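What follows is a set of structures for review.
One chain, subunit A, links the two complexes that follow: it is found with subunit B in the first and with subunit C in the second.
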Partner chain A sequence: MAELVFFLNKVVLAGLIIGSIYALGAVGVTLIYSILRFAHFAHGDLMTTGAGISLLISLLLVGAGLDQSSLAVYLAIPLAVIVTAFLSVVLDRIFYRHLREAGVKPVVLVMASIGVMLMLQGLVRMIGGTAARDMYVTGASKAIFRIPVPFADNRPLVLTEPQLILIVLTVVVVIALHLFLTQAKLGKAMRAMSDNPMLARVSGIDTERVVRATWIIGGGLAALAGIMLALDVSYKPDLSFNILLPIFAAAILGGIGQPYGAILGGFVVGFAETMAVFNWAILLRPFKDTWIGELGLPAQIAFVPTEYKLIVPFIILVAILLSRPTGILKGRVL
Partner chain B sequence: MSILEATELHAGYGGMNILNGVSISIEAHEIGVIVGPNGAGKSTTLKALFGLLNITHGTVTFNGRDITNMQANRLVPLGMSYVPQEQNVFVNLTVEENLEMGAFIRRDSYDHLIDQVYHIFEPLKHKRNQPAGELSGGQRQMVAIGRALMTEPRLILLDEPTAGLSPLYMSEIFDRIIEINRQGVGVLMVEQNAKQALAIAHKGFVLAAGQNRYTGTGQALLSDPEVAKSFLGG
Partner chain C sequence: MKSVSTATRDLTLVGLLALILVGIWFWLGLPFTLRMLVEASAYAILALGLTIQWGYAGLFNAGVMGFVALGAFMTVFLSYPRNEAFWQSTLPGELGHVLLIAIAGTILVFAATRLTRLGASNGFRTFVALIVLALAYLAVMRGLDPVAARIESGPGWIGGLGLPVGVAWIGGGILAGAVGYAIGRICLGLRSDYLAIATLGIAEIIKTLLKNADWLTRGTLTVSPLPWPVPSANELGFVAARSAFLCVTAAIVVIIYFLLQRAYYAPWGRMIRAIRDNELAAAAMGKDVNRRRLQIFALGCILMGIGGAVLASFVTIFDPGAFVPLNHTFLIWVMVILGGAGNNRGAIFGALLVYVIWVMSEPAALFAFERLAQLGNQLFDWPIPSDLSARALQMRVFVIGLTITLVLRFAPRGLMPEPVRHVA
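Let's look at the complex of A and B:
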């Protein structure tokens, strides 16, 4: 049954990991859309910026004398999340607020966000360079957890330390977000403003405060996703820009403006990717002595070669826009 | 002293004036009703009073304070509430969450106010956890008015609270408005059902073409043959 474990590792666990990243990113995109009514194209680079800030902070912590294997790396995560959340509010103040107050059309805000995106890309490269960097600045190696599977003799489930942290944090974030939106007054005000902005203003809701909360949550989660992705792979200036498409696909698939939809969409896109690139011939191997083996199937049966993985969210995006533009959970039509 | 005093208001959308000198004055604890034909500027008057429309000429005072062109988020803390005619509930939020949003500016506990709203609008109590979008038109209107009461306003502006309601619901809503007024809340409302509305009004304002045509007590307007002939359908 080693093949089944291989499937669990390559499809289920890998889908869970990349799905978590997409979900964290898509929640921010969808919240920003539901409150500010524009597609925030700078979101991918906000993620990269968050990862870069985390890298900087961990270098500073090491410089300050903290050098206990990977403690500096993990300590930097919450700090970078806070800094990035604050940075998002500042970016809103400088670039988006004036436009909002002038009552511009959404497309103008989208263009502004593309401008912010290019600016962040430039800043990230100016400060961090273009090379890939290891987030584990202290040189500590990631712990690898091998979880034995009872029915497979010697093939365990494999999960690295950052991957495990990512999955746990994603669960925590989803629960916290749910509680915030349904229990906290500010969370309810967020839903109210998404529902009917005019009535929210008329009711006396401080809409600018809601906007700030939206950026704090969206920016914070973007940073978290960017950092975890960089920890899992490595820090690269274009790491998160490259996953902007799947993140938008996830947000639209789940129903734009629907936070639960974005989470669901993130995992659907994540699993779709891992299933599309998986070599299904491997699952047929145990049956090679039966009639299946005599069919002479090729040794490589995958829907999409790994290097063309990006085609999967693209197809999902086009398909959902053609067949059900409101998404799974009935969001607003873009 | 009048709680609300608007003199010679001129206002409109994008340079086009809809109001050409509307004056409204009501005392605290009164019910004021604005009636008139379509396009007379009734709803526009309410919007202008609530800072949703730019007043180009004229002044509004609330409780002696100048509130001309003051924004809604500053008017609500002063004790003024507004219920729009359409899209006046948060459809995705539950009935109770709608009421909580009405109390957004409050820092103190407001559970007793929620109970009070359920007391006035009995049917809402059983639907407290239902999304407001699933309610009937009349119940939505109750949620909308209830939401506006959560700040304990001194004056509530209602834009056609009975629009599109069955006659049964209409008189139900009118009864509730009287009850709310008896608890000391001033009411200024726009109504299509002019006769029924003037019957409960302390003061009536008949608008036409963005100006006051007749002003008087509700009873006086109802018994004025001129008003009856031109505006109340005989």
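Let's look at the complex of A and C:
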């Protein structure tokens, strides 16, 4: 049983956590892709920026005299999300709007987003330095929950405080996003514009307002994902490409323009990653003393060594592009 | 811009560049200027590769770094002296055994994809093919891991083949072109964004592979010194050796330039531009859009492989960790879009100009940041961060990004725009 708990910890829980991060990022990418019609390459660095802003705010809060354990850290999260959402609207104003109005090819917008990506990357590292940092600025340690499992020889399920918050927040975000897209007028306008921008414009939808809403949602979720990832591990300023590929894979897997698909895709990519690096030989260990063990069990059955983890989202991406470019939930192939 | 003729404009820009180079020559000496010029000409080969992908055909390659790294790896593998300790042992045979397993696995997977010929349904075919693929993969990995571990503990790595450097450069081009062809086959039928994502991914994966496969590349231990195609600095002295190397790279750039120029004005080049400017019309005229794109994408990747090989030979050290998207992808992007996409002269000019600015910006950024930090320290009592130089270099990342966005907005056709010929 201990092996099974190990499996649950290493594959199911870890997949759930990294999948939530990917899902939050992929929702933003898929919305931006379907409404503004370009792949937003700056998304990974927007996540890092969000985490950096959160770190900065919590430092400021502590400096202002708020030093109650981890309160400053958690108080900084909503503030940083708002600031990043606002920042992405400003970035759109400065860098994308003119190109959009000039009617350039979508690929030029992709290039512009790479420019923005480099600028964010440079700024974040210039201000915050290039080293990894602990998000818990007050030195508070994360609470660790050990959930005992029956018949498991004292091997509990392990979940840390930020991981629990992340899972709860992801559920809240998914429900809120669903209600927004199906009930609110602005959400309906967004879906209309993603389906047919011309028709949306002639039916009187304020497209600039929809664009603003897209950036607020996309930027806010990116910041949330970045902050939670940094809380879970640590704040790393060199995340960008390593997180970009799984997020794009998740968005394309779910179908471009399908927020639910992006969430689904995020979890699929997350679980695929943890399953690919897991050493499956561990699950065979209980059979060591039975006749199966006589056959000679290999010590190591992992599909991908951990350092090649990036191959997993890439293979998913290639496979989906080859077999079903519309994604699971029938998105668009733009 | 309208009133200035193309020739005058080009001459002015080139004259300005020459003036800057002469200034650097007097300021920092001839050996430094030569080194910069050789590296800049290697970058010019890369920029030519990108300008045919982006400028001729509108293909977005965000993974130039991967092809550069492949070219560099190939030049190590082909031109580095043989590692006799490896060839004397039994390990080459064992490695060949793994290769045979891999070939057998490939044949089996290929056979499985052909099951439909025997009347199997599509779903069943895919299912069987995937299972065969997974088993073959595990078999190869189980064979390779112990051999790789023994190579690493014994002779260290497999070493090179000791072939002439020219052969190695061509080999680098071929390997990069082959990988580019495979990527293009998958992504070129779809919109250009997907190509960008896929190339970005493949570049990171190539880098990870080269970095971790110690038995093949020595990984982070790095390989040096790589042989030069001309006598090295020890034999001739810095100036003569670098001048000789510069002659070789300049000759390569000129040859590629003339070939590309011919291709651009040939019917083939016209067809490529027609596809870029109006895909539907070109397809309606009976042009095989995807095949042409694949052709030009592979061609661009070949040039990138050669450029990467030249660069690695010149710096004489192969360090997989040194390949970063910033230097080997986005810097080249800036060269191409600033110089003028689709204009070969523009690409070469952009490569030289941007590389000179890039090299010069490093001391400039360090100097500016030190001054700023001191000023902040004196006026406001700010502490000077210990990683100041690492931070100062991030300034260049910011400037590269800013340049991309500014050029896209204010000079989308670059400093030397693609000439548009009007037929009366």
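What we mean here is this: the second predicted complex is superposed on the first by the 329 of 334 C-alpha atoms of A that agree within 3 Å, B and C clash if a C-alpha of one lies under 4 Å from a C-alpha of the other, contacts with A are read in each partner's own complex, and residues count from 1 in each chain.
Quick note on the criterion: a contact is a pair of C-beta atoms (placed from the backbone, for glycine too) under 8 Å apart; a residue touches a chain by one contact, two chains touch by 3 or more.
Everything quoted here is computed from the prediction, not taken from an experiment.
Asker: Report for A:Glu307: first if it touches subunit B alone, second if subunit C alone, otherwise both or neither.
Answerer: second
Asker: Quick check for you: in the superposed arrangement, does A:Gly139 touch first (subunit B), second (subunit C), both or neither?
Answerer: neither
Asker: Does subunit B (first) or subunit C (second) touch A:Met117, or do both, or does neither?
Answerer: Only subunit C; A:Met117 stays clear of subunit B.
Asker: Going by the contact rule stated at the top, is it subunit B or subunit C that touches a larger number of residues on subunit A?
Answerer: Between subunit B and subunit C, C touches the greater number of residues in subunit A.
Asker: Would you sort A:Lys188 into first (subunit B), second (subunit C), both or neither based on which partner it touches?
Answerer: So A:Lys188 only meets subunit B here.
Asker: Examine A:Arg201 and indicate which partner it touches, taking first as subunit B and second as subunit C; both and neither are also allowed.
Answerer: Touch partner of A:Arg201: subunit B, not subunit C.
Asker: What is the shared patch of subunit A, the residues that subunit B and subunit C both contact?
Answerer: In the superposed arrangement, which is not itself an observed complex, subunit A uses no residue for both subunit B and subunit C.
Asker: If you look only at subunit A, which of its residues touch subunit B in the complex?
Answerer: Residues in contact with subunit B: 185, 188-189, 191-192, 194-196, 198-207.
Asker: Under the stated contact criterion, what part of subunit B meets subunit A in this complex?
Answerer: Those in contact with subunit A are residues 50, 52, 72-73, 75-77, 82, 84, 87-93, 97, 100-102, 104-105, 147-148, 151.
Asker: Going by the contact rule set out above, which residues of subunit C touch subunit A in the complex?
Answerer: 58, 60, 62, 126, 134, 137-138, 142, 186-187, 190-194, 196-198, 200-202, 204-205, 208-209, 212, 325-326, 330, 333, 337, 385, 387, 390-392, 394-405, 408-409, 412
Asker: Which residues of subunit A touch subunit C in their complex?
Answerer: Of all residues in subunit A, those touching subunit C are 33, 38-39, 41, 95, 98-99, 104-108, 110-112, 114-123, 125-126, 129-131, 241-242, 244-245, 248, 252, 298, 301, 303, 305, 307-308, 310-311, 313-314, 317-318, 321-323, 325, 333-334.
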